[in-house]
Structures are given as structure tokens and as C-alpha cells.
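Take this structure, written in C-alpha cells, and hold onto it; I'll ask about it next.
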């Protein structure tokens, strides 16, 4: 039995009629604004080659660990879903994988994945019946047919999505060949990079050694010496800025920062590159490098993003069998107050520095992050992140940060996704949730309607533009 | 002045009319479903002997630490309430104790206890005026008279409550005589046991020594040797399964698990039984035993429940004077990400294992538990527990777990109570709160009404049935 | 362009009409009750001398770190705002500072500061247009003119605000000269003190040495010996009680308590006064002193308040340049379960002791504080504090404590402010939020309207009166 797929125009708005009316009005102004996506993980090759996407499973299911992790949690094997092990293609039939996915749609009830998918199915592909066991094959065929057309090439979709700017994420050891190709192609879409140096900073990263070699190769520096290593960072940061980067991004296990003296830092670095670092030393080096990155940001103007608190690759067998980023990264309790102090003691009062902090530990919103961002000139709060990039998560973010940090110490929304087609859906959810929060403030007479109107536009467009210096 | 006691048919539903309408509709399907109570603490002797309950104080007040702890917090002595010290009867007059309770009803305003009590008073006993100083004696008399009738015997109430299955909790050292009597009685009510081995696993339990002796006596094993000890567990688990058990239950101070080599485990066990264990070794042994229990579950199919995070018997004087379970168990911050990893590294990818995890630390819902349950095949989330078994607690549970774990990595509701008469009330609250949450999703157009209808029945009946293999 | 300033009479009430109606009704009874402010930080000199306040910047902006910290977070310098460095007057022009503040009003959108300010502007000064760049000078002039009149003297405002009692906070080393002057003046306003011994208890306090000297001077005791030191506390507590104090207040980094033997305590004290204490010893001494203070409270009846969990003076440069209390105190995760146990093991079952506990770590509400207060006779919960003294913060407080601790283990509202003019605004917000919470319970049929009416009056007036023994 197939059922209609309906994107209700009031979705995510509060049910109470007066609040819904205000939300609708606010959203009316925010909905049409261009999309700024200053932090994401799409593949720049898509826009460089503009090749057609393959099929529904390859485009929508297999790159999205939100989706296959849920199926996996209910006993569906990754093999059957066609998830590549260490990048090696699997023998799974994409249509069969898609059917498995379609049969299990009930698992996504109440999740943001369901909202994003429905938006993609209805808005991007024009489906009018829900995905289900019955409609699985029809979906697979129609999506496949659409993807073969010019209108569904990456650049065409980019333009259709009204994206003003899209940032991808690359490491210092990567050569940015696709970004160069995009720039040289004459295409006017703004796809920029962001500098994510984790592989050459994190001695516990499985790619640390090879990444360091490539880092040396690209910069011509002696990256096994502290001063050459720092210089190589400066060189690559400049190269990234040349490819449009306005930000760096740091995905560390904790938010720890350090402020060692130069001799201490050099000695620590020597231990790191010698491969003799203890876990505590690896942690201290990551901490020190955040402060070094802040120092460089004061020179080159790149905005820093800190994304801490994920226990990466928690599932040992899965990591060994499939590699990283397979939906088994689990948040942990994260301290910010003590962790950020060394960096803040050094640079925290300098308004020329801009550090955007994210969290996977929501308890930090009201307790630590809003008080810190509501005081230090350099700090801003990134939006609700990862598992919290969801209607309830976004609502909690506003409820728990606004009263102490205000709206203007936050940076609007960024989607953080590798699921390209879901980008408009995600921004739409964020705008709707923010408008709903504002509508509550208005109907409870805590904010004027004129003020709410300004704020809704600021959150959707002006704040990310300013925070990321776009 | 006495005031009417009214159980409003829309209680716990949202006030907003459209959401209330949806909640009402969803609840209409869930309300009549049979009660599955796979985790509780009623006394099997009640159903074995089917003897009449005594009086209002003995039945409703004295076994319910939710109630007397609140009176105690306001300076009422436990003696006056007739709370037995170490099981010894007190000299308190039950009617006087009941009057004290009645006079202090205002303390329960806004608490789930008030809702449960009102439900019992109105639905089970038919009262139409609230309990108060004025009505205390009338309540005491009428309840006493009712309890003397056949209709209020344990088995009659069990049937009236539409309970399909009720699990009690026993230790390996207990002989299950009451369960045997129930089975032999020919009564068709399903009262089963659950295997709670804490007293023979926790070297810091005050009954550890005697429990171990009884464990040996019941199994004929050398339980002071590691292999005999494990074999004794296997024997008792089989005996419990023979009395209907489908689950084990583990109430540990933390969620720590361990995966020692057999020689390490044996050496640790030898230290434990020699009475020489440090607190850290006692903790490590509890941790190791969770992994051993998981291993046995893969053999015998019993579902594991882990209930961590309570600082038991926090009030030293009360513990010394009255014994355990006197309302002085206080939750603490609880880590799951690191704690569960050894067990998960060993068995976490095996869908044949089923581990239901509970928490008293709500911060873990969105940060740790939903991401873990939304990934690992063996993990499911138990419902909002203990202090969080309440309308606001249940709402937070859904708001903070659904977006990441979905509904289908949760196991519906279980009441966890020793207050037999409150069981229908508690399930009714849970069904109403879940329907209200679903109603919000429906009215905010985040879920179809047809989907919500399925989910409400799944949460009330199908999910516990499946999760506990009933 | 200037816009109207409107204090809507339904502000902070839920938008849903039936809930709003109930909230309005409940608030109708609470709104006119006198203000009890048993915990605050106004300057007793105001009421002693009854001198006119200076100007808008000096009265409203410069003492309120909620306000200037927000401007500072957006790059406005403290110099420009006229914030004194170490109490030294700045050269900033008050009108220019006020203009800077006025231009940045958008930063306060959605914050409690905005609500408090609007209330002060509209109710105390009668403004009808919002503060903005355009109205800044008009505001400055009109406020200045008003402050020069008799009606805006401290005592006149005190009476106009319908304050029944206002407590200030002083240290043992302070001579209470202003309180004596108030008492001797014949004025009938009740302004009392509270005993805050942190400067003579916290060896890490920058004033510890001088404070100890003054403490000796005022008591004539040998405060460098343990027994003289304790006796000096008893003397000063009695002196404070003589100036109306009914409570002590303890602002410690953590909630740690200790229960050392007298020789251990004496030895620790000797290390402290010798200036040789490690951080751990300083912490242990603070912990021990909470238990000593509890012991003294059992003798003299003073209510204890514990305010833990702030990382004081987090911004090193600001602390060095400006001193303490400059908006750079940041909350940290705070344990209560283990921390309070030594004190509770000693005195926790004594209903004659009254300890009011506050938190900046909201995760403790449902996990630790409500269970503790719902059991121990000596414990009560202070209201949502500091950054959580806000509509959302107060709502979370009720949602997360009521079900386990009830309303009657809480103490109503206290404002904790040094911003005198905002006191009525803060109490008004608290009453409105509590009435809104109660209205939800009523409309969801979880509480009778008659009960809610009692509770709303208890929260606004009776509970603080009883808890603080006023």
C-alpha cells in the first residue's frame, strides 16, 4: 500500500495558531535567501568534472552514515547495503541495497533523516508517494533516469539549489586539484576549500606518517623540524586561501589547548615526529597546535573552527573492516572551560581573532559555551552539530544559548554534510526551526515582531556571511 | 474542606486543541492494549498465596520509597510512618501513619506519585474526593474493607489490570519457591522471574558472602573456584528460564565492562572470593561479569538489562538504621562510551545479543546512548527510569533519543515498581506521554498520522514484546 | 527610527489560550505580593546615606556585568563603557558610554537583560519608546533628571518597589557600618546583611591575608589559631545576626564538604594560615569549613546557602587589569552526590539544619539535586541561578526538579543582583514563569486549579519567608 508524500508548508512550525502565524511570516522572509554553506564535506570532484551521479543507492544511501548506521543498528549488514570496505567497491547490487533501505523506512520515523529524505524525494525528484517496499523499484528507476539528465549534474543542482557559496574540507597534504579545475573551468559557482590539518597534527591518526610526507612534498619544507613544520602550515594555509578558503577546521577528541614556550613546543614536536609520543603527548601536541593555528589566524585572517568531543571509530571491528567515518563515532562529555583557557589567555581578548566552537555535548550549551561566547571577543558558537543537527537539537541550542550569549554570538547555520542533495533540506529545516523559536518569543511578548524579522534574516544569511568572512 | 477527585480523560495531553485531538486519537488505540511488565519488583509471594493485602498504609505507603522519602525530606520521621527497620515491624499504628501521609499530600503536587495515587484511588478503589486530612480516615476504612474482599486479592487485581505478563526480580541465591507455587497452582496469570545476580557478583554488597553460600547450595558447584562459579551461573540461569525468565538484570554503580583474558579473570575472581579485593578490583570484577553474562546470553538467549549509575544507600545513618532501598539512592554522572566499549568490542556486532541499557543520567540520552543504540546491533534503550519515570522525564527521553536512535531502538515502557496497584497507572501515564509526543510530531507535520498510529501501538505493546522475547 | 516600548501584560505566558488564561489568573494573585529578597548584592550604603544615584550609565550599565560583558564579547572595550579598573574611576564620558550601550541593544534580543531593562525603562522611568541610538540621549537626560528627584532616592524606590525585606552580602572582615546606620536612622525599610565568609575561608582568595587581619581586629581573637579562628566566626555570625542576618552564603569553586577530626582540621588550618597550602589543601579547607559552618548553624539558626561551581576570573588579562566580578566567571560541571556526603553524613538527617543549594550546572537538577533534596531533611533547592535566572532557565528548573523534589523542597525566588532597579523586574519574571509552568500542569490536568493557586502564592512569598526564616 503506498501513501502520499506530502511536504506540508507549515512543517516544523508550532501547532498553536498564533505562533504558527508568526513563524510563517518570519519564514516567508528567510526561505528565499541564498544558501551559504561555509562548512561541509561534499566532494569537489563533483563540481570539477560535473559528471553525472550514478544511481539512487550510490548517491543517497552509501555516502550517508546517518542512514546506513540506523539499518545496521537493526541487524542489516553493511555488505548488503553496498558500503565499501576501505574504499573498495562491494559486490552488492545497488537496486537490492535500495530495496533494503526502502523496506526499513519505519526506522527513520521521527528522525531528521526522514525529513531530509522526504524533502529530496519531493522537491528534487518530484515524487508524490512515500518510499516503501512497494515504491522502491519505481524510485530507483526514476532517480536513475533523472540523474542521467543534464538537469541533475552537480553544477546544475548547485545552481538550482540557490547556493551562493559551498565550502569543502581538505587536508594540508591534498593538492586541491579539483578546486583548481573548478576555478579554471570558468564556471561561476563558488566552491571553496577549508583547511583541515588534523592528519598532519594528530599523531594518532592512521594517516599521520604518509600525510606528513605529502605535506613536505607540497611545501618543500623540512616538516620534521618544528620551524619547517610551522612554515609548511603557513604555506598551505596561503594556498588554501588562494582557493577561496576563509576558515580552518579542527576535529579533535577534546577541546584542549596549550600554550607552551617555543623550546617546549619544539621538544614536544621532536618526540611526535620521532613516533615516540605517548597518548598524553599526542593530546598535548594537538592542544598546542590549536594555539599555533590561532596565532597564524591573526596573521592570515582565516577563521578557526573547533569541533571537539567525538570518540572516533568506537566500533573496533567495523573500523578494522571498513575504515573510518562509518557511523561509529560517538560523542563524549566535553570540557571547554579549562580546555580553552590556555588559548584564551593568549589570544582571547583580541577581536581580530575569530574562533567558532562546536559541541556534541549539549550540557555545555548553557553551562560553558554560552557564558564563554557571551564574554570573550574571539569566540562564537557554531550551530547544533551532527546528531544535534535536527529539529529538537536546534531548538535546544537556541533555548540554551540565547539567554546568555544572545543571537549575535552565534554564526547561523552550516550543514556539515557530504549528502549534497540534502543541503537545501537541511537549511530549510534550520530556518524553520529558528523561525519557530523566534515565533515563540514573539507570541510570549519577549521580542518584538520587527526584531524577530531582523534576527531571522541574520541567522539565515548575515551571521554566517560575517562570521566566515564570506 | 474536601475537594473532588477527578481523573480527567485528557490528562497529560497537550493543551493546544489540534495536538490534543491527535493525542486523544492515538491514545484511543493504545489504551486498551494488555500490559506487559517485563521488569518490576512486585513480590511473587502475593500471587503464590493470593492472600489478602493488609491495610492502606501497608499496601500503598510503606513499600513505596517515592512516597515516604518525600515526607522524610520535610522532617517526618520514618518511625511515625511505620517504615520497618531492617525488615522488623514497627510499632507505628497504620491508621496514624496513613493520616500523616494524608496531611502532607501537598508535597506531592506536580509529582508522578500524585498522578499514580490519584489513579489508584479513583480507578481501583472508586474514590471521588481527594485524599486529605479530612478524608484520611474514610480512605483508610474503605480501602481496608475493599482489601478484605475477593475482588482485591492479588490474582483478581492482576486479571482486572489486564496484565499479560509480569516479571519479578530474584537473585541466583533465591529458590524461586513462589514462582514454582504459582506454576503449580494452575492459575493462568503469567508471573515470571528475572535473573538479577548482583548479590553474587558485587563483592561490596552486604549480602555477598551469604549469597555466595546459598548460590553454592542451590547449584552444587564449587562457587569459590572461577569455573565452578561460572557453571553455577549457567545452572541458575537455566533454572530461572524454567520459571519463565527471559532476561537478566544488572544494577551496577557504573556501566563499566571489561574483557579480561581467562587467566586474568580467574586471578581476579580468586582475589574477590578471598575477600581481599580493593574497590577498584570489585569494580573490575563487576565489569568483567557483564561481559561474561553477555557471553552466556549468546548461549541461552536471555536478554541483558544494565541499570547503572546509582549511588546506593547514600544516607549512612539511614542505611545503618533501616537497611537498603529506603529512598536514599542518588544518581550520579555516568559514562557509557568508554564503559561499554570492552563488551561491545567483544560482542557488539552480534545481532543475536540483546542488551537493554538504562540511565539515571539524562545527559547521556542524546550524547551517548542514542548514538550507541543507533549504531550497535546489540543495543536497545530502556525507557526513562526511576526518577525519570515521570511525564517530564518521559518527554525528555523521547525528545532526546528519537532523532538519533529512532523509536525502534527503544523497548517501550516498563514500570520497574514494587507498588503493584500503581502498575496500570504507570503504563497509562507512559502511553499518554508517548501519544502526546507523537501528536506533536504529527501536528508539526514531522510524522504522518498513519505512522504515529503504528508507533503508538508499537511503543505500548509490540516493542516490549519483541525486546524481551515475550 | 524609534519604536514603541510596550510591556505586554501577558508577557512570558504561554501562547495557547487556555494555558494563558490560567497563567493570567494565577499571576493575578501572585503579582501584588510583597518582594522578599533574601539573597542579593546591592550596596547597603545606598540605603544608609539615601544619596541620589548619579546617571544612567553609572546606575544601570556600569555595575551590571550581564550588560557590559555582552558588549565586550562583540569587541566593545571596557574603557569606552567606563568600567572601573580595580575600582579606579575611568575617564569615559557617561553619556558616550550610554550611547555605545544604546547602539548595541540588538545584542540583548532574547536575553533576560532585555526584559529587565524594558521593565525598568517602562515601569520605573515611564519611557514609551525603546532605547536605541536615536533615543539614547533622551534616555540619558530623562533618567538623570529623574534621579535628581526625591522620588528616585534609594529609600523611596525601596518603598515604591514594595520590598518587605532586602538582604545584602558582607564578609566577616567588614564592619557593617552601613547596616548600623540604617538601623539607627529610624527608617522602617528592612535591609539586612548575610554572612559570606569566603574571604577568610578561601586561602586562594586574593584578599585572604588582609581579610584575616581585619577579622582578627573586629573580633579580638587569635584568628591564626584554629580555636580562635572558629570563635571569631561565632562572634561575627552573632554580630551579623544582630544586623538582621538570617543566613550565611558560601561561594566555593566546588560543592566539596569534609568532615575531618578536630586534630586533622587544626593541622590543616595551621598549614593554611602559614601560607603553605597546596591547591588540594585549600580545597579541603573550604570543604571542612562548610561542615564547620553547618555545625554553627545548628547553634545559631542561620540558614546556609551554598553557591558552587563557578570558575572565577577565567579571563586572566581582564582579572589583572580590572579585578574580579567582571563577567568572566564561567560555570563548570559540578558534582553534588559525593561532594556533599561528608556534611550530610554528619548533619543531613537533622531537620533543624537548613542548607539551600544552588547550581550553575543544570545537569544536576534532575540527576542529583532533586533526588538529594527529595530525601534529606536539611536540604532545599535554591532557584535557577545567575545565567539560569532567565525565563528558559527557570522553566527548566521547574521541569527538572518538581517531579522528584516537589515544589516544597524549593525556596521560591531570590534575585541575587547588584542592579537595584531591576529587582521588581526579576521577581516579576520569576512569578510569571512559575505561573506559566503551573498553568501547563493545570491545563494538562496534572494539578488542580485550587492547588496551583496555593503553589503560586507559596513560591512567590511563603516559601522564601519560611526557608530564610524571615
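Letters are used for the chains, namely A, B and C, taken in the order the chains are written, and counting of residues starts over at 1 for each.
We adopt the following convention: a contact is a pair of C-beta atoms (placed from the backbone, for glycine too) under 8 Å apart; a residue touches a chain by one contact, two chains touch by 3 or more.
Because the structure is a prediction, the values reported are computed rather than measured.
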Shared interface numbering between chain B and chain A [over half = same, under half = different]: different
Superposing rotation of chain A relative to chain C, computed on C-alpha atoms, to nearest 5°: 120
Centroid spacing, where centroids are CA-atom means, of chain A and chain B in whole angstrom: 40
Contacts with 2+ other chains: residues of chain C: 14, 16, 333, 363
Residues on chain B engaged by chain A in the complex (per definition of touch): 14, 16, 18-19, 333, 335, 337-338, 341, 344-345, 348-349, 351, 363, 366-368, 370-377, 379, 399-400, 402-409, 440-441, 443-448, 450-451, 454-455
Interfacial residue positions of chain B with respect to chain C in the complex: 3, 8, 10-16, 69-70, 72-75, 106-112, 114-115, 311, 314-318, 327-333, 360-363, 387-388, 390-393
